[in-house]
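Listed after this line are the structures, all set down as structure tokens.
Two complexes come next, and they have one chain in common, chain A, joined by chain B in the first and chain C in the second.
Presenting the complex of A and B:
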């Protein structure tokens, strides 16, 4: 095994100091995060406090957040109407998203104990989706199976009733709206952090140097000799 | 993730944004105190926010006044970087408003003395050069009239105020934000890896290029 290059702290810190990071670029990263994650008010305040322009019209964030909230509160029909108000093409071009929204609607009907309505809905709305796309069949079967149990929460697929399922659907909706607005759906900041972890792992192969192991403090750890 | 955003906002004193962010997210302000930096960065938050507001709006006189009132040690030594930056910015604001006579008077009274200081020389020369142009914003030193210069001064004052914290544990830690440290580390790691590699390891990371290369990040 080839020996790794040893870089002592002083030398590493010297290299760190030589890097030029522009404040405005960091501001953009923060603004991008606030905007993508839907913190409208914070984005607006940040615009005022830092002079950074949001990379998306803040008004569209409010609309997007309203849709997300609707899904998270279980008001799926309301969410669907809002999405169509925003951009009717979103659901047209996203069959998987539309299916997941329909599935969520069924879950909500079951949650509310509206069994007859649920059955009708499953047959009229969900079954055709399964016919169009056999990939959805498994999900349909799992969801419909909930109807067979009195204690739905503790049934084999009871986790579909969890908040996490709503959150999952809501995230999917959020991403689809962002994409339709030609905005990248993921904020840039988390991927940069992942890149740092990856870059350090790669450098570990060739060198011993002060690492940052705790991202939230960015503290440099002394290289282990 | 949220902690890094929170730490950034705290570090630079973006108080209003921070409050809004904390209200909207699940980030609990007390949980961040667990790691030592949280407490340090909260020092003088409101004052730093106010000072930044003054500087961002070009009201350097108020910034000076408040600094004398709140953190006299920061502006005590007229030969300090902080004083030089504030004076040069005041001069720039005169130029921006077309107040050439006032600029000259101010420059003679407050800026001339920094001429000999090598550390300030390039900024000094550029600032003085503003007088040479009928339309300074179109000149090579026009960048000084940009809001980014105000931000640069605001950041410097911000760091200086953070440094007055009597409970300061980590001098270095307060001067550079957490996010900046992470980005620097990322850049150096990719550069270093590149220089150590036998074969081409691909591009090194440069934030500015990365942000401007993507067709539609911001």
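Presenting the complex of A and C:
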């Protein structure tokens, strides 16, 4: 027999209503999400509708998104130049990010079949990064290994050519720009949801209550007795 | 299907681009060249060096102040200069040599906001380097300028101002002058800004309060403790770098104004936060252990506190988990904390042994990085500084001693000396087993090092041999002595460094202790050793040296008449001409010394000289006529119990005279 406390729906909802959350705080949470993820139009609309001021100049979001888009569409050099215009310190103080951008550039050259150019770039640009930081060597080897395969996509390191690799690099760029703007690199909302799940799991050990299982609807489920 | 990248123009060769800077090009073409150079060098150390060799820096700096330079050119030029000054020492030097600082400073009052921004950012980067010029705050105009920068609404400018302070403020007069000008309040106010600004301001505040109690008191009093409270908040900030800098700042305030920190609570909190920070990636995690070591340095109380928050367990766990991948600097830092923890408390040593730290650390004696090897030696030295563990023979094992002996031949002197420190402790063998050091070539290496040009290396190797010699059996003592040789020992006794003299005499004392026939070595080579000892005692050098010298003589005087007479010759040298003893023997001075041990060792020497047949009138009357006996009479009421009661034969000896 369960020793857990039983809380019925009515009681639970009453308790939830007793918790006062300021509307402004909720709005700021949403604004924080829109700004961090770079939804500039939505952020602007939301600003007009809710009167919530973003904690960052919205124009910088447009710049940041332009950089992100450049990486996602494979224009790495363009992205590098845009980052340097935005703030020349970012790539000078993030060797890992700079390396990943260079690596991405090599990947794009290989994708386009520009083998000679790729080889030259690997020698001229990537090899010195390995000398400066031996930690990068393994990744350089993996990337250069792509050149050895006829069917690159099905080669052991074929996943480097996936879109997911571009997205990975792009989000690294996004985070670095945000940090340089003294902004958190992750939105607060996902961590709040993680805390919700953790709290519910802890509570499960002690009580039976209407749980939220579907985070997208936040519907309170009937407790299973 | 991934989108296809647009074709990108291949980058131009550095030589061509650099040439375009000075070919009188203007307008778009110059701007493109500058921009391309900037984009090539940012993040790219190799490219920076290429352009430095091409002397691009002076040309770019010249563009900063050229009247014809339009704002976009200045912005690109300032950004490029900033990048040259970032992360490459040669670059900073080139930028400074080209006179960039005054040009950039002028640009801070440029009408174009973008120019101001990039100039301020570049200045800030330059002032983050140790090579940047020191700023003279005592000049009124400089101080006024600094204040105007601090009052700016542009964060790049305020950060630059804070960087100047962090970099240049060192002397108490400078600290006071900045405090009086209200700079501290300004910095505290700026703590409320962006993360980067906050971090630089924390650095600046640390610089102003460092070892300055007035400045620290001022900081604490700002806003009735509001500034202090916000600092307390920042040690728990979301950003690891801010947490670390806030910890450094708080520790600096505490050091300068300790009365305010009587309670353990804050320091205990700092220990916990710093332990957490060690697990952070990058520089924060690398620097954190050094800050932690500084915090608990020399304080038994804080060592205890660190143990109570499981610092030992956490550091060991972390080191064990990441030993293979940890950055050398972080590893070094963690080892230094462990070394500090085990430097005082037996309780800490026991804890570290329980956690099998010695095994972990012995592995690191072979690490590629010299600083890690040095720090590993330091841990072994401190853990082995324990009578209990030495008695258990825990560190005399081959697995500890062999790698340490190998480090004696290390190419780095700091590794050598710290290995010697560790060997000094593990050389003390209190077990019945034969010391590994005697078997693995350790004695011969130590004997060679005793002849080193470095006085520190000489000192530490002699000290190790002295410890090794302690309580050995005759055969092993003779073995060490033959390896070291009588002539080396003589030289060491007359070493220019008084500390080496002292250790060499102690080594000699341990050698002749309980001696039997060992003294034959001392009398070899025309009693050169005895002569050297006599010479040193007469010159009355450091008390430590005299104590060891007298103990050595006391040990020899415990033997037969031949030995006793030799010691008599040492303490009462006979003048060749007049055939009488020089009236004021150094022994009289020693017996009057404030040093208890010097009086005691001198007394023992005398006792041994007259014992067992104190009625031997020759030696006694010589001592009498040298004024030594009358000196003894005054010591009947010596404040030191050992000197007064012991040695008993004195009573008869003085009565008789």
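Just so we're on the same page, the second predicted complex is superposed on the first by the 223 of 225 C-alpha atoms of A that agree within 3 Å, B and C clash if a C-alpha of one lies under 4 Å from a C-alpha of the other, contacts with A are read in each partner's own complex, and residues count from 1 in each chain.
What we mean here is this: a residue touches a chain if its C-beta (ideal position, glycine included) is under 8 Å from a C-beta of that chain, and two chains touch if they have at least 3 such contacts.
No experiment lies behind these values; they were computed from the predicted model shown.
Annotation: superposed three-chain arrangement on chain A; chain B versus chain C shows no clash, the two fitting side by side.
Angle at the C-alpha centre of chain A formed with the centres of chain B and chain C, after superposition on chain A: 120°, rounded to the nearest 10. Contact with chain C, but none with chain B, is seen for A:108 once the two complexes are overlaid on the shared chain.
Contacts of A:88 after superposition: chain C is touched, whereas chain B is not reached. In the superposed model, A:22 lies in contact with chain B only, and not with chain C. In the overlay built on the shared chain, the residue A:184 is in contact with chain B and with chain C. Ranked by how many residues of chain A each touches, chain B and chain C are led by B. By the touch criterion defined above, A:209 lies against chain B but remains apart from chain C after alignment on the C-alpha atoms of chain A.
In the superposition on chain A, contact of A:223 is made with neither chain B nor chain C. This overlay, made by fitting chain A, leaves chain B and chain C with a least C-alpha separation of 7 Å. Comparing the two interfaces of chain A, the one with chain B and the one with chain C have residues 182, 184 in common.
Note for the complex: chain C touches chain A at residues 2-6, 8, 10, 35, 38-39, 42-46, 79, 82-83, 86-87, 118, 121, 125, 194-197, 238.
Across the complex, chain A is touched by residues 1, 3-5, 7-9, 12, 14-17, 19-21, 24-25, 35-37, 49, 52-53, 56, 147-148, 151-152, 155, 177-193, 196-197, 201, 205, 207-208, 211, 214, 216-218 of chain B.
Across the interface of their complex, chain C is touched by residues 72-78, 80-81, 84, 87-89, 91-95, 98, 108, 111-112, 117, 125, 128, 131-132, 161, 163, 166, 180-182, 184 of chain A. Partner chain B is touched in their complex by these residues of chain A: 5, 7, 12, 15-16, 19-26, 28-34, 39, 41-42, 44-46, 48-51, 53, 55, 182-184, 188-190, 192-193, 195-196, 199-200, 202-203, 206-207, 209, 212, 214-218, 220.
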